[in-house]
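Each of the next two complexes has chain A plus one more chain, namely chain B in the first and chain C in the second.
And now, the complex of A and B:
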């Protein structure tokens, strides 16, 4: 039961925080905050201490191995930074849009959502993966509507739940066809059918439905329309959580599916994945070009990033797993750094491009962090984002898809343009009026930004991290 | 009744549901359409379990899990729709247009 410890610890932590809150009479004290981040940090240390070279199957349908543990690290880190990011939103005056209420419930929902993500990456059959996916998505609907007084937040969560439940329905149809042709819910049985009878129409119908459904969650091209609205309307910590955790879990699910039960059909799936990747990154990049609001901009940027990540799935199993896990770490670090800066701006001003003006003069350190983050997202060499993109592109290039790699590189150039638009606002454009509200960072924000920035720098400079990930995947 | 009858029925239900989601203006109507899709998938599971599967128990219990999960989902959806109604006093999807750009 050694490898199941993180799951038990996470559940225990959630119910401890929840029951403590009942017992302490709903005070708005900071205790639940300290318990949440402390517990998540302890959980991360626990995950690091587990062995990464073993594979254990529990109850026939739940497996824990090195790659699952790596994904769990991403989810735990993402939940940790969401908790840290959300702190000012619960104090009066911490955000312009209003103060959030029900603090410990917020943390509990995030922790339970993380538990669902744990279940998805460890699943060995369709039932576990379905339950895990629902556990990971339903809390997000609640979180995106957490600011009940705010019309935007409510609208975002309404849109999210309609699109999300439609995609659940399609996912179930896909599962039922996969079950129909395999005769069993286990991934092994589906792999056997995919091996023996590839041209079975039920199998292809199932794959089609599952891809359409996962396209919703992953914001792939024809199904990406909900993302900008949801990102724009939700409270900022929730937006950060959706953009990192929810995206990672959808990618993990797709990786498990493409290299697990559907591995024998990989040659058939490759062109589909490449077309989806090309369309998604183009739409994301072109959409980001004309945005003025920061969170809407982040939505399009993350759509484009999903395109790059999907491209790597045309490669071999090892290359895809290692490059995508590495890229998710890097992407999470850069995204959270940017969201910390957005939350600082959102304290007194609107979260839009204009609010960045004058930052280079007034807050040189913050502006430098912003610049590093943008370079990392765009993929400028010494930073981690470059290494990440390089590995993703290499995974596709190994299989000989050079045209696709060139296309992605061109797209990456477009993305560099709009990332630098942000830097231009911060450094070059002079503010129209002198701003009185200086951005104040507290100790939590300083430490988090420091950790995230050093992650962006050292993940790129030191090859230790990518080598460790590659060693685990092998 | 054969397997193909059941699969065709479930696909028809799926089509009705998707059509409903796309054309309904009332949010409750959209939720009902989603339920129709989910129940179509349940029929599919039951039919495959009955006619085809090696492991027929798995297919028979899957719809039960689906019902439980979709009940949770609908509870959340109704809560969100109520808070939406409190803000706008209408349940028309054409009210959902403040976020755009």
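And now, the complex of A and C:
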């Protein structure tokens, strides 16, 4: 079977949905929504059906292999849940910041983004990566400013554009050094030069610039400053999409780079990665401590999570790939579950900690889902987050970085503090006034939360997922 | 019954109870409580069955005592997460069996003691059962990963149990307790991963790891990590501060379970993972820990003197008595190890009864301040007498369980001829005197003296309330008068550990 089928299918779906309104002239119909989620679901099934044990190279610069397909699964699932999240969010009364004007365009942009991410994980040279990255990022500037009337949304978009452009500039600057050293942007040429002249300062400089550029996308310290504002200002579905998809693609890029062309320099990169990881998780965790708004809080929480993920890249290729992909699935499930709950709260109240009060009594099921999600993010067994973190830590421990493991695990304790703060709001603190407007979940939200919760539980209990990932990576 | 199946059933059953409770309507408190009670009663029977079977097995294979090999009975393993060679690997030795018996008794009594819980009873009993499942899981695990997993499962429900149903500064106490314990498990995690990779075997199997001679440089940093990590739950000084706040704020059943059983997970882990797998590390670090736990023993006792709140007194005495568990271990002698294990059981029973009684007294007087009570003997003789007995057990009166355990601990500790051990033993023995001071003073002002007017109408324990008290008293006396079979069992289990320690 042609391994490019998902790409073609996704492109077709994107433009079909975009052109839908042209001849139907009913911009508020639900057809684009149903087409989007149906199409994405079909795409996911298609991805599952593809063979994971072969590699095919197209046009010399585009390759499809098992790990690329796994990442594509993450992107498709993330897009799917973003679409599902945005439908109830943007219906009238779905949130307090305005309804969605151009629906088909919204879904189309998300799909387009996803296509860009596909390109990144399949790239064989830095140019393809660059185009993919831009395709995955520029639509996000539009999405984060999608609620034009809302000042915060516009602010988020502006900040994102400025920071994103800076990061693109850095990336190109880094590329120029790499190109100067290798004479080509192909991965093979760079690998060869990394092998032969490891101590070339210009090469190292180029790598550092590229790292800085990825650091922006990945919210690594010290390039994380934009995240809280953008997360807080964007519409909730977009925030979820940024926190999962955009982060995953940056991680994929870094993984490809570190274990692909730069693999000979791994010894040089290890301390850099570890320092970045340690600083990032600390900054994220300490920042999250003082937050009162849920989406800002999620920004810091996801900064910290990025730190744990980067830590695994100090490990061997196999351990890093498998543990990080596994963790991304787990992280995506927990993040989306939490964003579903945040969007539910956003219907009637502000999206802040206080609005959770009384949830444990009024909505025991929803509160239980919240608790499981928080425990999964905090890495508490038997939820998937525990196994995920365990594998990440094991990847670092395998290389003997035990001090780092202790540091990360202690950091994880700090993170548990603020996850428990949320649990405390939901369960322990009594609300001042009994709230009359009960949270209503529609069928989309119910099914999504059910799927995400069971994913969090079964990923942690059943070994099939981690085994499949390990087998693919191997 | 098939041994491995029985073991699995014992830890799964509380989970099943929790699952069965979920669909029950939340106002139907009686049904929720009856489900929990019956389920845990069945589990108690199962554990007793297990114990009887186990005694039979260990009698027939008396050679075990001398050999180093088959530490665990009823071994069973099946691959789980093959990605890191993680196995579902279970088995028990005498220590785990006795600890499971203790758990079963304490939780059964704890559920009766929390019969009065009205607020969100459904969630309370679900969390309580999850917690218990975690505790059983730790005791049956041979695979270090599953042990760690169950350990975390046992720690986390505590946050909500204290935070929601506790009293006093409950949110602060709950957070402090949870975070300190989880920080401890961060150390354990690094230690476990170290054992996995440094052994060269890539396995979490305790049996295989115990045959490995780890390098000294590895043990030098890994042993204190693991020992301190588990030690936090065993309230080792200076990481004991969660214990007084946590136990004082927790609801009755949770205090019983936490002080009675959960703190023993700490000692259990120190012994099983720390000292058993890394004996050379234990030798390197033992003096440091010896000093720390001696401080524990004394500090806890002196701390208890200064307190006026009944629960704080008991919590500090727990710090002191749990210190004795580790004190026995750090003696590095056979008798000391044995004493530590016995002290785990004895303290579990004793402190569970203490917290149970305090809960009942508090439910009547609505105060826990000792000076505001008095003359309770007149209105509730049953509770008062039980209080006196458990107090005497606490100060180690012969014929009660405390004597058996503490005698072994102190004898074992003094048997180590090193000067520092001798000095620390003498200091630690002094704690008995201090214990006598606070126990007698507390009991005295509680049951004697003039009674306050508003307490005249109080009634003694109801028949239902008497059940847990009688069960626990029976066990206290049982262990004090007939300790032979327990000591026999513990001997068998301590031998392989001691042999490893002396290799």
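In this section, the second predicted complex is superposed on the first by the 472 of 474 C-alpha atoms of A that agree within 3 Å, B and C clash if a C-alpha of one lies under 4 Å from a C-alpha of the other, contacts with A are read in each partner's own complex, and residues count from 1 in each chain.
Everything below uses one rule, namely that a contact is a pair of C-beta atoms (placed from the backbone, for glycine too) under 8 Å apart; a residue touches a chain by one contact, two chains touch by 3 or more.
The structure presented is a predicted model; accordingly, all values stated were derived computationally and were not measured.
K.L.:
Pick one for A:301: touches chain B only (first), chain C only (second), both, or neither.
P.N.:
A:301 sits against neither chain B nor chain C.
K.L.:
Using the superposition on chain A described above, determine whether A:156 touches chain B (first), chain C (second), both, or neither.
P.N.:
first
K.L.:
Touching A:65 in the superposition: chain B (first), chain C (second), both, neither?
P.N.:
neither
K.L.:
Taking the superposition as given, does A:233 touch the first partner, chain B, the second, chain C, both, or neither?
P.N.:
In the superposed model, A:233 contacts chain B only, not chain C.
K.L.:
For the three-chain arrangement built by superposition, which of chain B and chain C touches the greater number of chain A residues?
P.N.:
B
K.L.:
First (chain B), second (chain C), both or neither: which does A:409 touch?
P.N.:
After superposing on A, A:409 lies in contact with chain C but is clear of chain B.
K.L.:
Of all the chain A residues, which ones make contact with chain B and with chain C?
P.N.:
On chain A, the chain B and chain C contacts do not overlap at all.
K.L.:
Enumerate the contact residues on chain A facing chain B in the complex.
P.N.:
It is residues 125-127, 130-131, 134, 138, 141-142, 145, 148, 151-152, 154-159, 161-162, 165-166, 168-170, 172-173, 175-177, 179-180, 183-186, 189, 228-229, 232-233, 291-293, 296 of chain A that touch chain B.
K.L.:
Quick check on the complex: what are the chain B residues that touch chain A?
P.N.:
Residues in contact with chain A: 7, 10, 14, 17-18, 21, 27, 30-31, 34, 37-38, 40-42, 44-45, 48, 52-55, 58-59, 61-62, 65-66, 69-70, 72-73, 76-77, 79-81, 83-84, 87-88, 96, 98-101.
K.L.:
What part of chain A is in contact with chain C in the complex they form?
P.N.:
These residues of chain A touch chain C: 322, 360-361, 364, 375, 380-382, 386-387, 390-391, 393-394, 397-398, 400, 402, 405-406, 409-410, 412-413, 416-417, 420, 423-424, 427-428, 463, 466-467, 470.
K.L.:
Taking the complex as given, what residues does chain C use to touch chain A?
P.N.:
Counting only chain C, the residues touching chain A are 26, 79-84, 86, 120, 123, 145, 149-150, 152-153, 156, 159-160, 163-164, 170-171, 175, 178-179, 182-183, 185-187, 189-190, 193-194, 196-197, 221-222, 225.
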